[in-house]
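Taking it in order: structure first as structure tokens, then the write-up.
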Amino acid sequence: MGTSPESVDVLLSLQGITKCFGAVEALVDVDLQVRSHEVVAVVGDNAAGKSTLAKIVAGVLSPDAGVVELGGHPVVLPNPAAARAQGVEMVFQDLALCDNLDVTSNLFLGRELRGPFGRDDARMEEIAVQVLDSLASRIPSARTPLRELSAGQRQAVAIARTLIGQPRVVVLDEPTAALSIPQTAEVLIHVQRLRDLGLGVVFISHSMTDVLAVADRVEVLRHGRNHGSFDTATTSQEELIGAMTGARVAPRRLQVV
Amino acid sequence: MSTDTKLVPSPGPDTDVSWGRRLQGLGGNARQYGIVAALIVIIALFQWLTGGKLLMANNVAALFQQNAYVMILAIGMVMVIVAGHIDLSVGSVVAFVGGIVAVSMRDWGMPWLVAVLLGVAVGALVGAWQGFWVAYVNVPAFIVTLAGMLLFRGLALVIVGETIAGLPPSFINISKGSLPNVLGFAGNSDVVTLVIGALAIAAIVVSQARARISLRKHRLHVEPPVVFAIKLILVAAGVGALTVILSFSAGGTPIVLVLVGALVVAYTFVMGRTVFGRHIYAIGGNRQAARLSGVNTRKVDFWIFVNIGALAGVAAVVTTARSGAAIAAAGTNYELDAIAACFIGGAAVTGGIGRVSGAIVGALVMGVLNMGLSIMAVDPSWQMAIKGLVLLLAVAFDLMNKRRAGTQ
Amino acid sequence: MVRKAPGSQSSLRAANKALVLQTVQRWGGLTQIELAAATGLSPASVSTIVRDLFAAGVVETATTTRNGRRAQLVTVSRRMGLAVGIQFGRRHVHVVLADFALHPIAEHTLPLPFEHRVDTGLDRATVLMADLLERVGASFDDVAGVGVAVPAPVEAGTGSISVAGVMPGWDGVDIAQTLSKRTGRPVYVDNDANVGALAESALGAGRQVRDVVYVRASYGVSAGVVVSGNVHRGYAGVAGEIGHVMVDPQGRMCRCGNRGCLDTVAGGAALAESVRPVLGSLTLTDVVRRAGDGEPACARVVADAGAQVGAVVAVVAMVVNPQVVVVGGELAETGEVFLGPLRERIGHRVVGNSVAPLEIVPAELGSRAEVMGAMLLALQATEVSVPVSPETAVEVV
């Protein structure tokens, strides 16, 4: 891992995170750090603990041991609303969207704006349009019912939703898993835009290509433990897969020029 | 975007906007208009079959008095159904609360108004009891309310025995009475009724106009002016016709109609414009998504049941007043009537879709059906069979429409 | 959404027409229902306006399916045909679909891993191209030609990269033929600085002169040389590879096999490496952004790079004697931070002439120079005349 001087803000820091489900050790003593303007990919085989780690960051699960720090301060995240309040947003694997509601309603789900008599629908719609534009989403109208959108557009809504709360850290759990190449292109561009906005992004994926395309650093998990940290500028797909599966791979010497 | 695109360069754009496209321009309201159209067709049908007796003034007034309970319960039921639950206990709760209200007036000497408030409160407590089991213990609502159906029917029998009669006239007036005739008559028409009708039309026009202006202001799609005008005219005509007919009835405006009207306005607002209402739809659409998004699903579930409990209390008051007595067998099949009204009105079986206005129209469909068949002196057993068929066909038709509109 | 001006019926109609056209241009291709939703007009109004625009030859329509239902797809009119430009970078591929006037109609950008391989890259480019065509209701047959720009020298005869190691994973492949097989269309490949030079000299900062040197300062540094109006590629297509001019005999090993090349000193990766002890791991984009914001370490390395590139470009200028040096690529986005030292160094090392001083200007087409040059390459090869106007570069999204 490259040196990380104090001048760069560490937005999220996990130290010694352990989580067990009964006898199953999902995570054991896991560390993770995410800085501003940084995309950290978390990779590993099935049951490596990636989703569990993401859920702990998002407040869906609580760790059995370990410390979660946001902006340098230890925090407790008992539920997703608390995580959101602390500036952590998550895009879940199944997107967590309601098909029977429209785009604006989904963007503000759980944090609707209130006016003098009930909801402030007008203001929510204004903000929705702004957020969708800022990500250059290809969604013509914020009133479209979600069930009429394509998979890529739904993904765009799920990502756009993370910007409503003006977060510091965004966690994406398998965002490109079910997408075509053009849809993947849009999602990866969105991830880059989140990074350009100064957020820290945790990118969980099993697609090595997507990870190497968009991440700055890759953290490998294996059987719930840290198993290597790699700089995407210098690592290779072979090296990452080697770390994921535990096979020994001679480090590749690639001149950075 | 589609993956199955057959691209045929056409010589030019469609010169005709198809009717399907035009109907789409009406937005999601197309389905609502369909239900109202169905109601109008049924009214027209029975008006013809009964030789004009259906729309006689006293029959129209009676329609509302007889079906007020369904409308009140349907309002609460539609919220329960949208959230993905069901409530099978409302009939029994009506009997139970009716018994308590009657006992409180006859045995404890409470003034009728206090008894009414007590009834609503007890209904709310029953709702809280059932809501607790559904929301916090996670027992499926079907089971909780099925148990409630038995439990509260049993308690009703305990409290009421056979019947409790001898209730004060002012109480009975709730269901049987009309607004006092303070403004005199215009010919044979009760002026109070006419005034209320005029105010209602004015309120509808103003609110629709304001909504249209607000849509315009945000540069959003508005209906073409012609459609808007036609819609308003039809609504005004309908309300106007109803007003005029009622004004000729024996009492003028039935009190229950005012009660139901107030509830409809209030709950349409709650479902359509409040955060609570939005959360109900969200939970019905994708409970997991709502929870992950920070919606307190337990709280919403709990209060939905408290709400329908309170409304069951109101329905109990109306029912007991109408009978003039508390009857242990009251409320039989009330839950089925309310549920049928909701589904005829367009609610989805899986939750997430449904409106208060739809439930009311559904209740009216069933009510008109009831009344029409009664006037035609159709055997009650056949009436029941026909109602069952209508429910089946209405929901099937609605589902076919949904599929054709590509929303499934 | 455009605020509609109040006024007469005809001005309202005109404003609505403009709104519809703008929306179609913005999105590339929309069905009439989507247009209605995006503009706030009724479907009937949209239908009328589209009919008018179609009659005026401004838009085209096609029947397509959306969500299983028939729909009318509306797209900007394509004068005669389409061109596709594909630009491969070190960490991305950019695919643009444009008409013969080089107005972009639709585009995709896909981030790729460093060291992406040729088959992956070409496969993905093909899929993206197909998606763009579907989006605007066209087919592969409507594409007159495909131009591809790669960050390595290309030999015209074999259509493959002529210096091994510069793009590992792409060596020894006839790029044009491979892509042509997948798309069924003619494909033309060239070095990105060469096509950038082509675009800038035809449409950008060099359009009024015949001798131009275009410098592209990105992950690698390279130049495109235009002599008497033609791009000079050289025997093996290596002309202009100033990134591999040796500037430090004791310098680091370069992937081309030599050491101390300009790339190892002034290339984007080298800059990121220089700031690492002070600022941690950054990408080239980060360095450029921070240098533009005035962050001292990044500004320093960018400025020093400008001077070093300037020294080499000065020699090129002495050999070629261009009228204009056009500077593009990510580093040029820092503006005077990079251009200032570059200009100064060239100024000191180039002999002045009595005809006109050497002008050193930023690229007018910015980051689009390479992809537009690629399209220009394809169109010129298929002998399509391109109407040239200064407003050619139109932003799409």
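Just so it is clear, A, B and C label the chains in written order, and each chain counts residues from 1 on its own.
Note that in this section a residue touches a chain if its C-beta (ideal position, glycine included) is under 8 Å from a C-beta of that chain, and two chains touch if they have at least 3 such contacts.
Because the structure is predicted, anything quoted here is derived from the model rather than measured.
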Chain whose averaged C-alpha position falls nearest the assembly-wide average: A
Centroid-based (C-alpha) most distant chain relative to chain B: C
Contact-richer chain pair [A-C vs A-B]: A-C
Centre distance in Å when chain B and chain C are each reduced to the mean of their C-alpha atoms: 61
Intercentroid distance (Cα basis), chain C paired with chain A, Å: 31
Geometric centre distance via CA averages, chain B-chain A, whole Å: 44
Per-residue overlap in chain B, given as positions that touch at least 2 other chains: 1, 220-221, 406
Overlap residues in chain A, where contacts from two or more other chains coincide: 143, 148
Residues of chain C engaged with two or more neighbouring chains: 1, 37, 67
In the complex, chain A residues that touch chain B: 60, 79-81, 84, 92, 94-101, 105, 109-112, 114, 117-119, 121-122, 125-126, 143, 145, 147-148, 150, 152-153
Chain B-touching residues of chain C, taken from the complex the two chains share: 1, 3-4, 32-33, 36-37, 40-44, 47, 50-51, 54-55, 60-69, 72-74, 134-135, 137-139
Interface residues, chain B side, partner chain C - complex: 1-2, 4-10, 12-15, 17, 21-22, 24-25, 219-224, 406
Residue ranges of chain B touching chain A (in the complex, touch as defined): 1, 28, 214, 218, 220-221, 269, 273-275, 278, 281-282, 284-286, 288-290, 292-295, 352-353, 406-407
Complex interface listing, chain C residues touching chain A: 1, 23, 27, 30, 34-35, 37-38, 67, 91-92, 108-116, 120, 124, 127-128, 131, 252-255, 261, 263-264, 267, 269-270, 272-273, 276-281, 283, 285-286, 289, 397
